[in-house]
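One chain, chain A, links the two complexes that follow: it is found with chain B in the first and with chain C in the second.
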Partner chain A sequence: MAVIKSASAAPNRRRGDTRVALAFVAPAMLGYLVFLVWPTLRGVYLSFTSFDLLSEEKWTGLDNYRRLVNDPVFWDSLGVTLQYVMINIGVQTVAALLIAVLMHRLTRSTVVRGIVLAPYLVSNVVAGIVWLWILDTQLGVGNEVIEWLGFDRIAFFGDASWAIPTIALVNVWRHVGYTALLIFAGLQSISPTVYEAGRVDGASEWRMFRSITVPLLRPVLSLVLIITVVGSFQVFDTVSVTTDGKPANATNVLQLYVYDLAFDRLQFGYASAISVALMLVLTVITVMQYRLMRAGRSDLG
Partner chain B sequence: MSTAQRGNQRRTSARACAASFAALALAVSAAGCAPQAGSAGDGKTVSYWMWDAAQQPAYEKCAKAFHKKNPGLRVKITQIGWDSYWTKLTSSFIAGTEPDVFTNHVAHYPQYEKIGVLSPLDELGPTRGIKASDYEPGLAKPWTGRDGHRYGAPKDWDTVGLFYDKKVTREAGVSDAELRDMAWNPEDGGSFEKVLARLTIDANGKRGDERGFDKDNVVRYGLATNDAGGDNHGQSQWSAFTGSNGWKYTDKNPWGERYNYDQKRFQETIDWYFGLAEKGYMAPLEDYSQTNFPEVQVGSGKAAMATEGSWKLSAFSGLKGVDLGIAPTPKGPTGERASMMGGLADSIPKGAKNKKGAAKWVAFLASAECQNIVGKDATVFPATPEGTEKAVAAHRKNGLDVTPFTRHIEDGTTFSFPVTDHAADINAIMLPAMQEVYAGDSPASSLTTTNKQVNFLFQQDD
Partner chain C sequence: MTATMTHAETGGGPEAREKPDGGRRERRPLSWGRVLAWVAMGVITLLTLFPFYWMLRTALSTNTALAQAPASPLPVDFSFGGFLRVFGLQSTEEALAEGGAGGSLDFWRYLANSVLVATLVTVCQMLFASMAAYAFARLRWRGRDAAFGFLLGGLMIPAVFTLLPNFVLIKEAGLVDSLFGITMPMVFMTMPFAVFFLRQFFLGISHEVEEAALIDGAGRVRVFFQLVLPMSTAPIATLSILTYITAWNEYFWPLMVSYSGSSRVLTVALSIFRAQTPQTGTDWAGLMAATFVAALPMVVLFALLAKRIVNSIGFSGIK
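So, the complex of A and B:
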């Protein structure tokens, strides 16, 4: 009897669930359609037009993409962005992993966690400007210290070869705590019994890091990498307030080029084409990352 | 910091003005609170946009005087930092929230003229009577569109001069009279380069004109860096030199259709000018930053002199511990001095909600009454000769001789900012190209190729 009763009640409940579920999903769905799907479609459409915002757009077919392929500034900009992402993600991931493991293995202090996360509370723009002042060639405190130590002053933001590494590291400084926190959350999901077993077997800390932490952390780590790489490709605000693409386009990252084309030069069509290209690059990279890191599967089996 | 805040209000470089925390906070808060058009078509308010916070008090005074004369009309001034001013203005045209009147700049106005969003002032009652002859010579001309209509009422003007710290020049044995009478040439730099060398000191206390001078270890440069000037036609950097070498930007001005960056007179001047950095007499490109404007360099003693526009007068005169002197830009191979003369104007959008009130306000801004108020405030030089006299007198009262700026007008040695189409695209091409030359990565002759790219923009129009 009891079995039959519950079986007949279930479909009813499920139908009720669907309605409630739809109601709950609706606001998010609306936002998704209005602020993501529609602008993306419109952006793709605009990338095939010539559009200055004030007059009607003109269909120009593949002109923008032809221009993109032949535009040295675009390729230069893509190279600059790649260089930024490599330095930014490379340093940030290693540092965040290190901080997270240290927090996990050594301390339970919430104060320490708070300190690690503190730079993340500062906005990108403020962080950029503060570092701009600190590292100013002539007036910066940072350069005063460097000179006091007996080295030559360094034009961190003014020198073409220093500017991108400097901006990449400023953003590492701001984001490393947040990334560390994500990894830290992943670490906490690893059962302490695995470590206990390791300790019983006489494994060293390094051995446990290699054979327990890294493999069990892989799904979280790959997710963190996917998120941070996508975010890194979209760098804009820090560059905009520090170097603004200077000197001589040495820091002209893709998003800055897009912004400049669209809002300063009113070439919305071409700017859209570059945005679409950036979207394609990011899609390919994300899919590759997902496949290569087998992010969907855990090693716990 | 207070000096940097004023920023390069008139530079065409976007965001160059985000000089400091305070300036940025200002720009951000202005951007954040999304200025309303204000009038909402009630016919009682005139909304007015401007970017220079330093000038706002003077214009508030004008607004008060205007309200007294027109009790039914109130002017609501909105100040938006140069950084976001033009982006906001463009989007306001699209959204239909444009102000009734706004401060306009020659670098941006051709774009608006082209797409036809400005009202011809000669077709509105109160502004119909604005005459070019009421203002300092040359000021009104750029504001006449290709269709012959007037799109801006001149409000002020600026020229370029040499700002220096008298304490530094005296210590180097360079007299004020010497500074007032300098000349340069592209071969050996003339007396101007000699003075720069004299004012430059390296870490061992050796001057630029002494044996054993170490150009890689300079503690004070003769001339401050102000970026490469690619985004503002070198207005406050090299325009005084290219001008006094007899070079002109375009085939005609305003509305030229061919730039002359491929000409020998331009390239030899640029070679010499950026060569000053190579010799250690001018601060290198990498020393320039948005926290290190020329007035900061002079104020901190990192540079002895700076070429800058007259709109920086209050920034320089506010420097503590500096005994400020101003000299005219040096004479060039033509035997004359030369200075770019810029000037702002007030424009009315076609979509202004309160066009009647707007025209009255513009006419008042252009009138002797408001121009004299602005003159007495002495932040800028007003467009009328009478207002200018008031500003000169106000500066003299403060012990500052500003005739190096005004003499360019008296001597007729000014030329105007090149007003052409494609200004934003030209900036995007010229800015990195000039920086490459400054950094020593490319010779000035590389600008011949750059010039082709610039002129290609105009060929596509046909």
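So, the complex of A and C:
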């Protein structure tokens, strides 16, 4: 009886399904269109205009892009950002891998994993301010220790050559635990029998790391790299609260330049052009990394 | 994930199970390598936790006394002055005497704003995302796959790119400097991921329970709210926590939109506090008290839910 009833009700239900489905999808889809799709299209459009927010935008064709190519501040800013990304990603990936492997070999404790993740819970703003204090030239405990070790005090945030590495490392402090846990999850998916076999064959820990862990972890590592590199290029918060681009333009990362152009100089058109340029760079990097990831699905698997 | 977790808990392999005491130790002698690894882990733990301790140590010091003992591991001239200043409970004279800026801070308000924004963002995003995810996972309707693909395209857009045009939009809508204007775009910025994540989960729920309820005459809406949602508390809780942390820590977007105290959230308030330097030098005790206040809710949340958060990182994969 029930079967017959449900069979005859099927076409009805499908029609009902469509109504419910549209109602269910509507809020998410509408918000997606208004706050993601439309702004994206508009951002691209604004990059071809001159727009100061107060009057109508004027179409200026490729002017903004011509200006961008000849803008030394932009190229400087790109250079600073690249330097930041290289230090940030380089140190973070190595450190996260190290922490993940240590956790994997030493302990399953949730407490240890919790501690490692703790900095991720505070904002970049908090992380920036706390390290600004710890590394303060006069009163920072970091510099007290450096002096105690017999070195000269370092103006970590005030010196043009130290500022970017310092900010990069502050952000490593905040994000390394998160990255380590992603890698850790990847490690857990490697079957322990592989290691058992390695041990039976008399392989050392280092040998097993090189010949088992790294090759089997490659897909996870590539994915982690895509996420972290794309995030790293968008650095803003930490710079904004610590150096705000100074000294001179030594820490003027791209997002800071965009913010400055838009909100201090009201050049929304040109700021959008730089945003588009950054987005293109990120897209190219993502596509390249996806390719590499697919090419090296894993050497043993 | 459950599979890997159970595996993780049983750990040591067959030998360990046969000889619970000592079997494991015999198999892995305490070598120099292992000692070295533990030392490295200890150093990492110290580096991770030290800034939190230093935040509290400085917050509980008297600002003017900090210069006397910059490396003292304990608070210098213990005082709650920093916290009092942050919550505007100190008179201007007192504040100036202790090296504060003297300007009034209204951290209760910023705290309330942050709680409101993060809560609204999380609740709305979870509700809308789970409804959409259910429609994509379980309902049959024309254009479903195309719509889902279109939504996934949003994963390719870096959030930062949408901020500037979103600001223009919010400005045109007259919502600048309002909590509503801050919240709305944030609800949708990470929506595609949330939908994708929850759809994966809904796809795995058995059809039979739903069919039974449908045959009993329940509508799809009721099935979703009274059956599917209660069955999905685990992934929704996981995602909620991550969304809440992200919303709480967001700085760039609120910085663009908020101009006055009425819509100021903690992250923005902190950077403003940091920028006001009193003549006597930065009020580090007050500033550290403020960062501590901003960090505390997440630390408490974490203490309560550590296990879930930690396990969710590998589970959600990307966020």
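We adopt the following convention: the second predicted complex is superposed on the first by the 262 of 301 C-alpha atoms of A that agree within 3 Å, B and C clash if a C-alpha of one lies under 4 Å from a C-alpha of the other, contacts with A are read in each partner's own complex, and residues count from 1 in each chain.
Please note the rule applied: a residue touches a chain if its C-beta (ideal position, glycine included) is under 8 Å from a C-beta of that chain, and two chains touch if they have at least 3 such contacts.
What you are looking at is a predicted structure, and each value in this text was computed from that prediction instead of being measured.
In the superposed pair of complexes, A:247 makes contact with chain B only, with no contact to chain C. Contacts of A:227 after superposition: chain C is touched, whereas chain B is not reached. Of the two partners, chain B and chain C, it is C that touches more residues of chain A. Of the two partner chains placed by the overlay, chain B and chain C both lie in contact with A:125. By the touch criterion defined above, A:133 reaches both chain B and chain C.
After overlaying the two complexes on the shared chain, residue contacts for A:264 are found with chain B alone; chain C is out of touch. In the superposition on chain A, contact of A:184 is made with chain C only, not with chain B.
Judged by the touch definition given at the top, the superposed model places A:17 against chain C, while chain B stays out of reach. In the superposition on chain A, A:79 makes contact with neither chain B nor chain C.
When the two complexes are overlaid on their common chain A, residue A:157 makes contact with chain B while staying clear of chain C. With the contact threshold set out at the top, residues 53, 125, 129, 132-133, 136, 138-139, 240-241, 263 of chain A are in contact with chain B in one structure and with chain C in the other. Residue ranges of chain A in contact with chain B, taken from their complex: 52-55, 125, 129, 132-133, 136-139, 155, 157-160, 240-242, 244-249, 252, 260, 263-266. For chain B in complex with chain A, the residues that touch the partner chain are 13-16, 18, 21, 24, 28, 86-87, 90, 93-94, 111, 115, 117, 227, 283-292, 296-297, 300, 302, 424-425, 427-428, 431-433, 435-436, 439, 441.
Chain A makes touch with chain C in their complex at residues 2, 5-6, 13-14, 16-18, 20-22, 24-25, 27-29, 31-32, 34-40, 42-43, 46, 53, 98-99, 102-103, 105-108, 110-127, 129-134, 136, 138-141, 144-145, 148, 173, 177-178, 181-182, 184-186, 188-189, 192, 196, 205, 223, 227, 230, 234, 236-237, 240-241, 255, 258-259, 262-263, 268, 271-272, 275-276, 278-279, 282-283, 286.
Across the interface of their complex, chain A is touched by residues 4, 7-9, 11, 13, 33-34, 37-38, 40-41, 44-45, 47-52, 54-55, 58, 66-67, 70-71, 127-129, 131-132, 134-136, 139-142, 144, 147, 151, 154, 156-162, 164-169, 171, 184-185, 187-189, 191-192, 195, 211, 214-215, 219-221, 224, 245, 248-252, 255-256, 266-267, 270-271, 274, 284, 287-288, 291, 294-295, 298-299, 301-302, 306-307, 309-311, 313-315, 317-318 of chain C.
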